[in-house]
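The same chain A turns up in both complexes below, where it pairs with chain B and then with chain C.
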Partner chain A sequence: MSQGPVLELRGIDKSFGPVQVLHDVAFSVYPGEVTALVGDNGAGKSTLVKCIGGIHPIDAGEYFFEGEKVQVNGPRDAAALGVEIVYQDLALCDNLDIVQNMFLGRERTSGLVLDEAMMEEMAAKTLAGLSVRTVKSLRQQVSSLSGGQRQTVAIAKAVLWNSKVVILDEPTAALGVAQTAQVLELVRRLADNGLAVVLISHNMNDVFAVSDRIAALYLGRMAAQVRTSDVTHSQVVELITSGRSGELGLRNGNGAAS
Partner chain B sequence: MMRAGPSQEEIRKHNLGTLLRHVHLGGPTSRAELTTLMGLNRSTIMALTADLTAVGLVREELPRDTGRAGRPSLVVRPESARVYVLAFDVGVDRVAAARIGLGGVILDRREAVRQRGPFDMAEVVGMLAGFARQMHRKTRADTVCVGAAAAFCGAVRKSDGVVRIGPNIGLEEGPFGDELSRKLALGLPVAVGNDANLGALAEHTRGIGMGCRDLIYLHGDVGIGGGIVVNGQLLGGFAGYGGEVGHMVVNLGGRPCGCGSRGCLEAEVGERALMEHAGRYGEAIGRDGVRAVVDAADRGDVVAQEALQRVGDWLGLGVANLVNVFNPEMVVFGGMLRELYLGSAAQVRSRINTVTLAASRERLRLRTSVLGDDATLMGAAELAFAQVLADPLEVLARFAP
Partner chain C sequence: MTTETLPERSTSESAIGVHVKGYVERVRGGELGALPAVFGLVVLCVVFSVLRPAFLSPVNFANLFTQGAAVTVIAMGLIFVLLLGEIDLSAGFASGVCAAVLAVLLTNEGWPWYAAVGASMLTGAIIGTVLGTLVAKLGIPSFVVTLAAFLAFQGVLLLLVKGGTNISIRDETILAIANNNVPPVVSWVAVIAGVAAYAAIQFVKARRRSARGLVADPLILIIFRVAALAVIAGVAVYVLNLERSRNELIVSLKGVPIVVPVIVVLLLVWTFVLHRTRYGRHVYAVGGNAEASRRAGINVDGIRISAFVICSFMASIGGIIAASRANSVDPNTGGSDVLLFAVGAAVIGGTSLFGGKGRALDAVLGGAVVAVIQNGMGLMGYSAGVKYVVTGSVLLLAAGVDALSRKRAAATGRR
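Let's turn to the complex of A and B:
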């Protein structure tokens, strides 16, 4: 708990043409913890995540990874650092099986041919390490999986590469109650295994169920980053909707810098 | 009587038990690791393993390629397929039986739905004994059953396993352990424990709370049960009724409880409270009922949302009181409380965050059970294994075929 952040952003600005989406955003993510990233639609959550993932270059600000200042110029740089993002659409191929999906674009080879046995073993190990028991066969096509199982495969794919930071964009949004429970428990297990996890969610129950910290964005500014054990539901809702709550949050309610 | 210290025989018994416990809880372990874990020299470990191997409790194998230089240390494995216990679970809506091997492996299990209504001892005992016979018939000749234990949703007297009161299942003063033992006719006593106590034991020894010395397990069935582990030991209380957190009063003069009091945690958080608040009482019971409410709330049903918020608020208050008193490292939500916690976590944690001392909650971890529906059965198995772990050779000599 007393460890420093594995990923830290300071003073991030990002504009798309004349529209400034992120203003002076600071954001820290800690190993072994789930950091919930919350905010209204258009608050800048997805943009921030895409900046972390190297999809959008940042206009200004500093990016620190494990205490070192780094330059992230593209998704490959982020992946090389150990940052993996699971997007809402999951980016899985329906016509491939679970192992093929997990290694898509990063296949292991043995000489000239694919090392299927090795890949299957690694995939099985990863899923077992996450205590995933819902998947019957690793050679099942992804099209035959349920929503929760797909989410599980997408998360396992992100974990496979010894990643250090895993960012999940609304992983429970399209799921039923039983599958939401399984995915939330998986999210928690990732952090308990030592990973730094960022959970984007609109569901306050999900946020409070598994997070250690909550970061609230308001109109492109970081309103507050707090410990989940220090706040109440209504305070977080206020931070999301007005950028401040009592002593917490932005000084000026309309989002202008204080 | 004054004693100079434990005899050599007692030390050996203790060491055999400790070694067996390491392998039982930690799975296959190399001799070298055991040497470090137990602080004994290699020849002692070798002798102890030889004794346990001779009676068929463990077996030694060459490890798979370690990828390191030097002669690999032999790996000691529990004889899971050979040495087992019978574990039973009696819940309000479900009775279950399992054959669980040394090392905590479920080898076989049976379960049946129990209809709600008055408790019929003969029927339940008959059903469980029937399951045990079915499973027993399928075992090989060289297997050995070294114990039996049951988890029961009621307050159980430690000394003789009598169920004193199970308000939700309708049993009072029932000698459940004796009845089941007689019906099993295996010459085995059946130890009985409170289901939530045993669930706590299971989550502590091989579930989410492994390595956690202070934890509280809350089990939701129709009512709310609890098991409290303090400094690695399950809190039993003077006669065995400790940890009945479901009857902690959170709402003075609140809803009536099956125990005769009012405003107990289980009266405010139990299945009936949730279903009544949601206006769905009598529609569905058990997990299906709770899931239906959480699902409806998720889809925007305002009544269901309010019901969850109310119940979550009381649950948070109950947990907050426990956190202030016991300062646990972890609180585990099991049984029906898993769904309930995940569906109302915002309320539960907001309440905890406003009511507990900041120092008591700053490192608190709230988790859901990983053993799920097997938690109580696994706990019963641990209770049944207790004797063989205390004195492996004697117990095995007694039950060997």
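Let's turn to the complex of A and C:
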């Protein structure tokens, strides 16, 4: 691509005690593109994402953001760079409303007092910018929202902060057909707005529907990072299940786990 | 996007109708709010005043406030702990220990009242810090930590009052808290100023919101709220300002008990903290989803510890009020039923034992219900045994309503 990656990882190792989960992983994310991160259960997708988000410290390797080497020591560092993660369990508070959730931990105040009007206005603008028209009132409690609406709120929360990289952990896993389409449309729109989007998914249809690139993890190693248009459905499945597919993938084929 | 509802930005619909409809929908969906407490309060008051007309007398009305004050204040602090889904079983004896500290310093050591009150409140804050740290940092369940503290504080209280003697309090200022009244003129000025301030705040807020193009409360609703507050406060102050002395030639007894403004100020402060500050928002967030709060960068342990500090601090104020009312501190101050009444008050008021739901006002509503039961059953001549059974049943009923409304909320997709 003409543009360099906004986020680039090189040689990432990560162990939990005696178990090495990530081996020498390289991963790049480009602005304006959806990068699908695929891999079987236990391949290390979630761990990789948590390393990016600063939840897990990395044991070895380099973290580049917009071409510069950075240290990410916690979720706040990642957020300061403009990296936002939407977790599978969404991390929303059921007992708070949409605006309160979107600003959770980053509330706007005027003096000591919360500036509710400003927060509501900003939240409304963000949702309008994403062409979200599915919520009745911004003051609805999250507990009253459907799965798709919750996902929308979680994604809107992530883009509210002029973030540059948004990572979505299986956003469609628990959704029905119509809501999945809705969320995928939203994912595409994020990328079209110039954000770098990482989409973790098990669903090949979703991956091929919205992604520009596919990165396949196999037993903690990056099997391949390819353009979606260059590969077929079955090649990706092969990469996920055996780590290689023809010319693509790991050279020795077995990514000696743990 | 698909065809779900479009945002309602128009205010063309009958504004009041929308609010009423929204409220009914919420109640049907299991968000009962203050409804059970208000309903219970009305029913209890009607029943008691029919059975015992003395219940409605101004003397008894004033008694209700002084009887319920300590429990209400302790409950207000407990709400912070309950909001996090934790419990503080030691709040009762913590209030007793703080009261004993006050009494020992005042009577035995001869400290001035402000220094003794300060030391008592500081004791409360320290107790809360220790409890909160054990819960948040060591991860011991709050049930166990505070159960241990419950027992230990009972012992500390015994040690402070030297094995069961009764320390009487003679300081005029401290005694005034639960025994003296506000001059009638001052209370009327305060009511008028309070209602005016409330109206101004509501009105300015609505104006600001509509100026930004956000949905604001309709004027008629604001007028209704202000009127309701004015009527309730006005009637209460009017009744309390009636002469309640048996023989007013000997001593005149009228005015709002001083504990009432104390409770009102505490209510305003904690309501402001919970609903208007970042800290309060974080308390609700941690109670709703601690993991989400942690990921949002909220210092979850800090919030936990602070909730216990507030709880024990409020317990110390409750202890001071109890000491003032009893004119003394003994080994049972803050003991026996105080804690259960306080937890009961919070839950009856509508605070959830599951965390994430509750308001400072709940303590006042629930505290009123508990005080009315105690007072009314006392007038009826029932023994302490019957009172305990009834109060226990009401607590169970309130917790049942809480659990059922959660189920209801889950069934209607509100959870």
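We take it that the second predicted complex is superposed on the first by the 254 of 258 C-alpha atoms of A that agree within 3 Å, B and C clash if a C-alpha of one lies under 4 Å from a C-alpha of the other, contacts with A are read in each partner's own complex, and residues count from 1 in each chain.
One rule holds for everything that comes next: a residue touches a chain if its C-beta (ideal position, glycine included) is under 8 Å from a C-beta of that chain, and two chains touch if they have at least 3 such contacts.
Bear in mind that the values here come from a model prediction, so they are computed numbers and not experimental data.
**Student:** Is A:Phe208 in contact with chain B, with chain C, with both, or with neither (first, second, both, neither)?
**Tutor:** A:Phe208 sits against chain B, while chain C stays out of touch.
**Student:** Compare chain B and chain C by how many residues of chain A each one touches, and report the one with more.
**Tutor:** C
**Student:** Contact-wise, after the overlay, does A:Ser131 reach chain B, chain C, both or neither (first, second, both, neither)?
**Tutor:** The answer is both, since A:Ser131 touches chain B and chain C.
**Student:** Kindly classify A:Thr232 by the partners it touches after superposition: chain B alone (first), chain C alone (second), both, or neither?
**Tutor:** So A:Thr232 only meets chain B here.
**Student:** Which partner does A:Thr47 reach: the first (chain B), the second (chain C), both, or neither?
**Tutor:** The answer is neither, since A:Thr47 touches no partner chain.
**Student:** Considering only the touch criterion stated at the top, classify A:Ala181 as touching first (chain B), second (chain C), both, or neither.
**Tutor:** both
**Student:** Of all the chain A residues, which ones make contact with chain B and with chain C?
**Tutor:** Shared contact residues on chain A: 131, 178, 181, 185.
**Student:** Provide the residue numbers of chain A that touch chain C in the complex, in ascending order.
**Tutor:** 55, 75-76, 79, 87, 89-96, 100, 104-107, 109, 112-114, 117-118, 120-121, 124, 131-137, 139, 141, 143-144, 146, 178, 181-182, 185
**Student:** Chain A touches which residues of chain C in the complex?
**Tutor:** Contact set of chain C toward chain A: 1-2, 4-8, 29, 208-209, 212-215, 276-278, 281-282, 284-285, 287-289, 291-293, 295-298, 356-357, 409, 413-415.
**Student:** In the complex, go through chain A and note every residue touching chain B.
**Tutor:** 1, 131, 176-178, 180-181, 184-185, 188, 204-210, 227-234
**Student:** In the complex, go through chain B and note every residue touching chain A.
**Tutor:** 291, 294-295, 298, 338-339, 341-350, 352-354, 358, 361-364, 366-368, 370
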